[in-house]
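When the chains are written out, they are named A, B, C, D, E and F in that same order, and each has its own residue count from 1.
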Amino acid sequence: MSPIDLPDVFIHSHALVESPFIGAGSRIGAFAHVLPGARIGQDVDIGDHALVDGQVQIGQRVQVRPGAQLWAPLVVEDDVRIGPNTVFSGPAGPGAAGCSKVGAGAVIGANATLRFGLSIGPRAQVQDGAVVTRDVPPHAIVSGNPAHIVGYADTPHLDLPVAPRAASQLAAPPVLNVATARLVALPKIVDLRGALSFGEIGTHLPFTPQRFFMVYDVPSKEVRGEHAHKACHQFLVCVKGSVSVVLDDGRARDEVTLDSARMGLHIPPMVWGIQYQFSPDAVLLVLASDTYAADDYIRKYEDFLAARGLPGR
Amino acid sequence: MSPIDLPDVFIHSHALVESPFIGAGSRIGAFAHVLPGARIGQDVDIGDHALVDGQVQIGQRVQVRPGAQLWAPLVVEDDVRIGPNTVFSGPAGPGAAGCSKVGAGAVIGANATLRFGLSIGPRAQVQDGAVVTRDVPPHAIVSGNPAHIVGYADTPHLDLPVAPRAASQLAAPPVLNVATARLVALPKIVDLRGALSFGEIGTHLPFTPQRFFMVYDVPSKEVRGEHAHKACHQFLVCVKGSVSVVLDDGRARDEVTLDSARMGLHIPPMVWGIQYQFSPDAVLLVLASDTYAADDYIRKYEDFLAARGLPGR
Amino acid sequence: MSPIDLPDVFIHSHALVESPFIGAGSRIGAFAHVLPGARIGQDVDIGDHALVDGQVQIGQRVQVRPGAQLWAPLVVEDDVRIGPNTVFSGPAGPGAAGCSKVGAGAVIGANATLRFGLSIGPRAQVQDGAVVTRDVPPHAIVSGNPAHIVGYADTPHLDLPVAPRAASQLAAPPVLNVATARLVALPKIVDLRGALSFGEIGTHLPFTPQRFFMVYDVPSKEVRGEHAHKACHQFLVCVKGSVSVVLDDGRARDEVTLDSARMGLHIPPMVWGIQYQFSPDAVLLVLASDTYAADDYIRKYEDFLAARGLPGR
Amino acid sequence: MSPIDLPDVFIHSHALVESPFIGAGSRIGAFAHVLPGARIGQDVDIGDHALVDGQVQIGQRVQVRPGAQLWAPLVVEDDVRIGPNTVFSGPAGPGAAGCSKVGAGAVIGANATLRFGLSIGPRAQVQDGAVVTRDVPPHAIVSGNPAHIVGYADTPHLDLPVAPRAASQLAAPPVLNVATARLVALPKIVDLRGALSFGEIGTHLPFTPQRFFMVYDVPSKEVRGEHAHKACHQFLVCVKGSVSVVLDDGRARDEVTLDSARMGLHIPPMVWGIQYQFSPDAVLLVLASDTYAADDYIRKYEDFLAARGLPGR
Amino acid sequence: MSPIDLPDVFIHSHALVESPFIGAGSRIGAFAHVLPGARIGQDVDIGDHALVDGQVQIGQRVQVRPGAQLWAPLVVEDDVRIGPNTVFSGPAGPGAAGCSKVGAGAVIGANATLRFGLSIGPRAQVQDGAVVTRDVPPHAIVSGNPAHIVGYADTPHLDLPVAPRAASQLAAPPVLNVATARLVALPKIVDLRGALSFGEIGTHLPFTPQRFFMVYDVPSKEVRGEHAHKACHQFLVCVKGSVSVVLDDGRARDEVTLDSARMGLHIPPMVWGIQYQFSPDAVLLVLASDTYAADDYIRKYEDFLAARGLPGR
Amino acid sequence: MSPIDLPDVFIHSHALVESPFIGAGSRIGAFAHVLPGARIGQDVDIGDHALVDGQVQIGQRVQVRPGAQLWAPLVVEDDVRIGPNTVFSGPAGPGAAGCSKVGAGAVIGANATLRFGLSIGPRAQVQDGAVVTRDVPPHAIVSGNPAHIVGYADTPHLDLPVAPRAASQLAAPPVLNVATARLVALPKIVDLRGALSFGEIGTHLPFTPQRFFMVYDVPSKEVRGEHAHKACHQFLVCVKGSVSVVLDDGRARDEVTLDSARMGLHIPPMVWGIQYQFSPDAVLLVLASDTYAADDYIRKYEDFLAARGLPGR
C-alpha cells in the first residue's frame, strides 16, 4: 500500500509511508501516515493511525503511540515516548515562525496537547491529558489543563526536621546531595514584640553580600530561578510561607522545601537552581555576593552542562 | 487647718499639708492632702482633693489636677500636667520594689490609671481614661484600656507618593527632616512569575551589609526598635504589609510609613529609630553594616541625647 | 470634727465619721466620710477622701484606698482590697433592687468601676481601670472596658504535649411601629450566574427616583444618617452585609437590621432615621425621590420634634 | 478505494468517501471517512483519519484537521477551523433532540471536546484541550476543563485611569469606540463615616430610572448580560469589586473593566452588552429607564445585527 | 483486507481484524484494528479508527466509539459505552503489573484518558475529557483533569427543608427511599453564649452508642465511607459545614446533603453508605452502636449485593 | 465652714461653697467645693468631694454624685444624673474655645471621662467608665474606651422573619489535680481522605452516653458551663479550634486547653466546670451519661460548695 519500500524497516501492509528517510529497525503501524520529507531514526516505533508530518525529525529509539499526531516544524530527540492520541499542534497560520522540540528521554502521556513552538526539556514528563501552553524545563513533571509543574523527575526530596516551638537553636541541618551547596540553621528570637531571624557574615553567611532581592506575590503555579551563576553566590531565606528549591550540579540533584525563617540555603556558583511551589504568602529573601551582571547567568541547561564539562542529556 | 505654714506657698484653708518641702509660688487646693516627706518644687499647683504621698518628688511648674493621687515612690519632673482623678498606683505590697517616674513635659489626661513602677518618657502624652500597664517611651502618645501607642508627639508624618500601577522607576522620594537619614527608591520588576525588588551597593545601599535580619509576626500594637546605634548603619525595606518608622536626631523628627518593597530607608548611626504600627502581614528586612555588637546600641533616650551633646528634655 | 469618737479606732482629725459600728484597730483617713449606719469590721483601713455609704457592710482586714466610693447596698467580705478612686455604683433609681457583693479575698484595682448589683466572686481580681458590667465568678480575673474574663486566679495552666444556600417570594414583612415607614419584600432571582434583586416603580418603589447613592466601607462602629427629610422619600436596600436602621417619628421608634438584598425599607419624609452597626462588607443602596437639596435636611433632633409639633425630650 | 469519485474533489487513495455532496476544490485525506449523506462545501479540507458523520453539514473554506470526529446532527458554517483529534459528540441516546452548530469564522483547537447540542458563536475561539459543556457566545474565547470564557476576540480593552487616593473629581473618562455609549465620572465623598458615591438626573444620569437591580454573588467564571435592549437605557456602577463589560454596536467593540464606584457606564438602546469576570466581591448596580418588558430584550446576536440592518457574521 | 473472515460479524472492508474471537452480531468499522488474541462478545460495535489490543476482553452489547484505544490488560464488562478518541493506557513499562477493568453498564465520554490498572465501577460515568487517575466506585460520576467525583448516578437528591433562624423544633424531616434509614430532627438552642444542638436516646437516637468518631479536614474532592456494616448502626450529624451522603440498600438509593447540626441521619446495618462533597469546614460526628470490629465492614459493593441476596449489576 | 450661707439650701458643715447662685431645695455634700460664679438650679444634689467650677451652669433636679468634677465652660440641663468620680475636662489651654453641654434627662455613669467641648444629647446614656471623645446623639447609649454607640434607649428591636498534622498514639496525658476527672488520649487516623478521631466505651469512654450535644459559634469572650452536675458524667472533645476548661472540686483546681480532637476530658459529677476562651472556629462535642434533667444542675458556686460539705469561700 505504501509507495516506498525500505528493506530494514517494518512497514505494515495498511500503513502509508511517503518518506524514504527511516532508520533501520523501525516499525510503522497499520493506518499510520508518514508524509514526504519526514526523517525518522533507527529503532523507532510509529503506532497505528499515527501521523508524522513532512519535515518532522525524529531521533532513535523513539516510541510514537497510536493516533498521535506530530506536526512540523518539530524535532524529537532520542529515547522519547509519545502517548496515544497526543497532538503536537502545527503553526496557527502560514506565516507563523518557530519549531517545537522534545528533549532526549522525555515522556509524553496519552491524550496530551502541546501548543506549537514549545520546547519540552530533556527527561521532562508530560502527564496524561495535560494541555501544555508553555515551555517545559529539563526534568520537570507537568500536569493539568493548562499544564503546570508538579515536580521534578529524578530528584530526591529532602525532609527537613520540624522546627520545635521553642526558639532555641535548630539541630544541624541535613547534608545535601549537591556537595557544594549547604543548608544553614539561623537563629530566631521570639518575644512579645514578634519574631526576628538573623544571619551574620562568617557565622552563617559564607560571603559578603553586594546585593539583595526579595521575591513575593508569586502565583503558586509559577517557577522562578531555573538558572546557574558562573561566579555569584546566593543565600536564600524563606521568611514567610514556603517554597521548594531544586538544586542540580549536573550529576546529583536535591529538592528541599524551605518553610522557616530559621533555615538558610547557600547556593554556590555553578549549581543549577530552580524555585517553585511558592505558597501564596511566600516571601523569599536572596542575598547575592555580587552586583547584577547579565553575563554571570547561565540560562540554558545544556549550556550549564557544557560549562561543567558534562555531556548533554 | 494644716499643721505647717509656708510663707511663699498658698495653702487653702481647707487643705492639709504635712510636708515643709514645698517651693515658692506653689498652691495647695481645698481638701488636698500632702503627706509628711513629700517634696514639691516651685510654682506647682496641687488641686482640690488631690493626694500627694510622702516621699513623692515633684519638680517645678507641675500641675496636679483635683482628685489626682500620687503614690510613692514616684518622681515627677518639671512641667508635667496630671489630669483630674488620675491615679498613680503605689506598690502592690509592702516588699514591692521599683519607682514610678514621669519625664519632663509629659501630659497625663483625666481619669488615667498608671500601674506602679512605670516610666513615662519626656513629652509623652497619656490620653484621658488610658490604663497604662507598660513604660511609655519619650514623645509617645498612648490611649485605651490597656493603653497602646497611637502616635508620637511633635513628629511630622511624611506622606510618600503613591506607587503607580506600572512597574517603572518611582519618582525621587521626599527629603527627611532628619538630614542624615535618606529614603531610597528601589527598582521593582513584576512579571507573570510574581514580583521582585532589589538593591545594590553603591546605587541603593550606602554600605556593605555584614548582617541581615527579618522582622515579622509583630502584634499590631507592639513597638520595636526604640534605640540608636553608635556606629552601625541600617537599611530598612518593608517587603510585605506596612510599618511606621519614627526618626529623631535629637533636634528634628520624622515619621514615615513604609508600605512598599520599592522604598528603602537608610538610618545612619546616631539617629534614634522607632518602628511601630506593623500591619498583621508586615515583613521588615533590615540590612546592617556591622555584625552584632551589644555595646553599639544606645537604648535609653537620655543617653542618646547626652551622646549627641544635647540637653535632656 | 467627727461627731463620733471611738476609743479603739484611729479617726483622722479631718475625717467625718457618722457611724459607731467600726471595729477595733481600724483607721479612717483625712476627708473621708463614713455615713450613719455603715458597719466596718476590725483592722480596716479607710483612705483619705473615701466615702462609705450608710448600710454598707465591710468585713475585717479590708483596705479601702483613697477616693474610693462604696455605695449601699453593698457587702464587702474579709480581706478585700479596693483600689484608689474605684467606685461601686449605687442603684440607678430609688426602687432598684439588688445588692452588690465582694467575696472574701477579692482584689479591686485603681479607677475601676463596678455597676450596681454585681457579685464579685471570692478571690476574684478586677484589674486597674476595669469597667465591670457583669458578675465576676470566683477566681476569675477581669480586665478591660467592658471587663471580660482573662484568666482564672490560683489555677495552674497545663501545657499539653505538642501534636497538630429557593429564591421564591418572601412572606409579607412585619409592620413597623413608625406607621408611615414600610418594609418592602423585593424579588430575588438566583441562577448559576449569580444573584439579582430588583425593584420597580409602583410594585415596590412608592416614588420615582431622581438620585441614587451607595454607602460602603463604613467602620462597624460608625453611625450614618441621624437626620430627617422634610419632603424627600428614601428607599434603602442593603445589598451586601448588614446594617441596623433606627426610625423615630417622635412618638414611636423602631430598630431593624437590614441584611438581605430582598428587603427594602421605605423611609418617608418627617421620620428621623439613623444607620449604624454596619458590617465590614456592607453596601447600602439608597434611592431618593428628589435631587439633593440642603434645606430638606433636618439635622437636629430637637428641630425635628418641633417640626412635628412635639415637645422636646 | 472510495466508492464515490468526484471530479473537482481531491480524494486520497486511502480515503473512504461515501457521500457525493462535496464541493469543488475540497480535499479528503488518507484514512478519512465521510459517511453517506454528509454535505461538504467548496474548498474544504478534511484531514487524515477524520470522520464526518452522515447528515453533517459543512460550509465553505472549512478546515477539519486529522483525527477530528464530527457527529450529526451538526452544522458547521463557513471559514471554521477544527483542530486535530477534536470530537463533536453525537447525541447520548437514540431519542436525544438538538443539533450542534459552529458559527462562521470560529476556531476550535486540538484535542477539544464539544458536548452534543451546543452552539459555538461566530468568530468564537475554543482553545486546545477545552471541554465545552455550554454554548459559546459570538467572539468569546473559552479554555479549560470545563471550559469557561477567558476573553473576547477582536475587542480592544480600554484602560481606565487609576483613581487617585484623594477624593477629588476624576479626570474626564476616555471616549469609547461604541460612540453612543458613555463613561460618566461620579462624585465620591469620603469621611470618617465611610464612603458615598452618588449620581443625579441631568448631571450624571441621562434618564429617569423606573427600575433598579443589583447583581452580586456571581461566580467568577460566569457571564451575565449578553443581550441588547430595543428602547431601554441602562446605567451601570460597580460599587464593590470589579467587572468587565464588553460593548458592541455591530461595527465597533469595546471592553472596559469597571472597578470603582466613581465610574458609571451609560449603555443606550441597540448596543449589545456583556458582563463577565466578576470579582468574588463584585456588586453591580444597574438603573434602567423602563420597567421590565420581556419584548424589549434582543437575546440573539444575529437578531441584534439584523435589527441594526447589518449582515450576520 | 482483514486476514480473518467471520460469518456472523460485520467487518468493514477497510477494517483490519486479526482475532477470531468475536461474537455474533458484532460490527467492526473502517480503519479499525483488532489485534490477535482480543476477545470480543456479541453485539459489540467497534467504531472506525478504533484500536483493540490483543488480550483485551470485551463483553456483550459494548460500544467502542471511533478512535478509541483499548490497551491490554483490560476487561470490559457488558453494556459499556466508550466515547470517541478515549484512551485506556497500557502499562508504563514491560514489567508493570495490574489490569484495567470497566464494570457493567459504565459510560465513558469522549476524549477521556484512563490511567492503566484502574477499576471503573458498574454503572459509573466518566464525563467527556476526564483524566482518570484513581479507581471510580460503582455509580459514581467523575469529571475534570484530574477527575473527581461530582455525583452519583441513579440517585435522587432529597432537598431538606431550610432550618428557620428561630431555635424552635424543626418540621418532620422527609421520608427516605431507603426505607430502613431515617432522618431525625434535633433540637438547637441559641443564646448569647453561642449555639448548642443535642440528641437523646429514645427521643432522637435509636440505639445506645458504644463508640463515636469525628471526621474533619477532608479535602473537598475526597470520598469517605463507601462501605456497609453487617450489624452496626450509625447516627451522623454534620456539626459544621456540609457533606453529602449517598444511601443504597441494593434496590433503592438516596442522596441527602447534611448541612445543619439540627439534622441527624440514622444508617442501619446492611445499607451501603457514601460520604462526599465535604465543605472545607465540615465536621461530621458519627455515633455507632458497636465498638470497632473489622469484620463488620463490607467494603466491596459486589459483596454487599451478594450479602443482600441480590444479583451484581 | 463655707463663707456663704443660703437659707433654702442645705450646705454640709464640711462643704465649701463660694457661689450664692444656688436654687432652693438644693443640697451640697461634705468636702464638696463650689467655686465662685457657679450657677446651680433648684433641687440639685452636689455630692461629697464633688467640685463645681465657676461659670458652670446646672439646671434643676440635677444629681452630681460624689467626687465628680465639673469644669467650665459647661451647661448641664435639667434632670441630668452625673456619676461618682466622673470628670468633665476643662479646655486644654487658656485660649481654647467651646462649651460642654449635657442635654436634659441624660445619665452619665461612674468614673466616666468627657473630653472638653462635647455635647451629650437628651436622654443619652454614658455608661460607667466610658471615655467620651465625640458628641453623643439623643437617645444613644455609649460605652467603652473610646466610647461608641452600643444601642438606642427606648427603641424596640424588630425581629425580621427568616429569609434565606504523625498520627500515632499520643503519650499518656497528664494527671489532673481534680482527682476524679481524667484526660483521655483518643486515637486519630489521618489519610488522604482527611482526619478521623474516635473513642469507644471501656477503652476511652467511662460511661455509656445517653445524650450528646455540640457547642459552636461561641463568641470568644463568652463563658459556658460554670456549673456542676449532681449525677451526670460528661465527656468533652474539642473537634475544631480550642477551648479552655477549668475544673474545681472545691479543694483542687485545674485549667486545661483542649485544642485537639485527640484529647477527651471526662468530667464526673460533683465537679464544678467552666469553659471559656473559645476560638472562633471551636466545635465542642459533649457526651453525657444521662438525659437532660434541669434539677441535676448546680448553678451557684456556693451551693456547689455546700453540697460538697465545704465552707463557702
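What we mean here is this: contacts are C-beta pairs under 8 Å (C-beta built on N, C-alpha and C of every residue); 3 or more make two chains touch, one makes a residue touch a chain.
Just so you know, these numbers come straight off a predicted model, no measurement behind them.
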item	value
Minimum number of chain-to-chain touching steps separating subunit A from subunit D	1
Which listed pair, D-E, A-B or E-F, duplicates the contacts of A-D in over half of its pairs	D-E
Whole-Å separation of chain centres (CA-atom averages), subunit C against subunit E	57
Chain centre separation (subunit B, subunit D; CA means) in Å	62
Centroid distance [mean C-alpha coordinates] between subunit F and subunit A, Å	62
Chain centre separation in whole Å, for subunit C relative to subunit B (CA means)	33
Residue list for subunit F, restricted to those that touch at least two other chains	31, 49, 67, 85, 111, 129, 131, 145, 164, 223
Residue numbers on subunit C that touch subunit D, as the complex places them	190, 192-202, 208-219, 222-224, 237, 239-240, 261, 278, 281, 283, 285, 287, 291-292
Touch list for subunit D against partner subunit E, complex	1, 16, 31, 33, 49, 51, 67, 69, 71, 85, 87, 89, 111-113, 115, 129, 131, 133, 145-146
Complex contacts: residues of subunit D adjacent to subunit A	14, 30-31, 48-49, 66-67, 83-85, 109-111, 128-130, 143-145
Subunit C-facing residues of subunit F, complex	14, 30-31, 48-49, 66-67, 83-85, 104-105, 107, 109-111, 121-123, 127-131, 137-139, 143-145, 148-149, 152, 154-158, 160-161, 163-165, 170-171, 173-174, 176-177, 221, 223, 226, 246, 248, 253-257, 259-260, 262-263, 274, 276, 301, 312-313
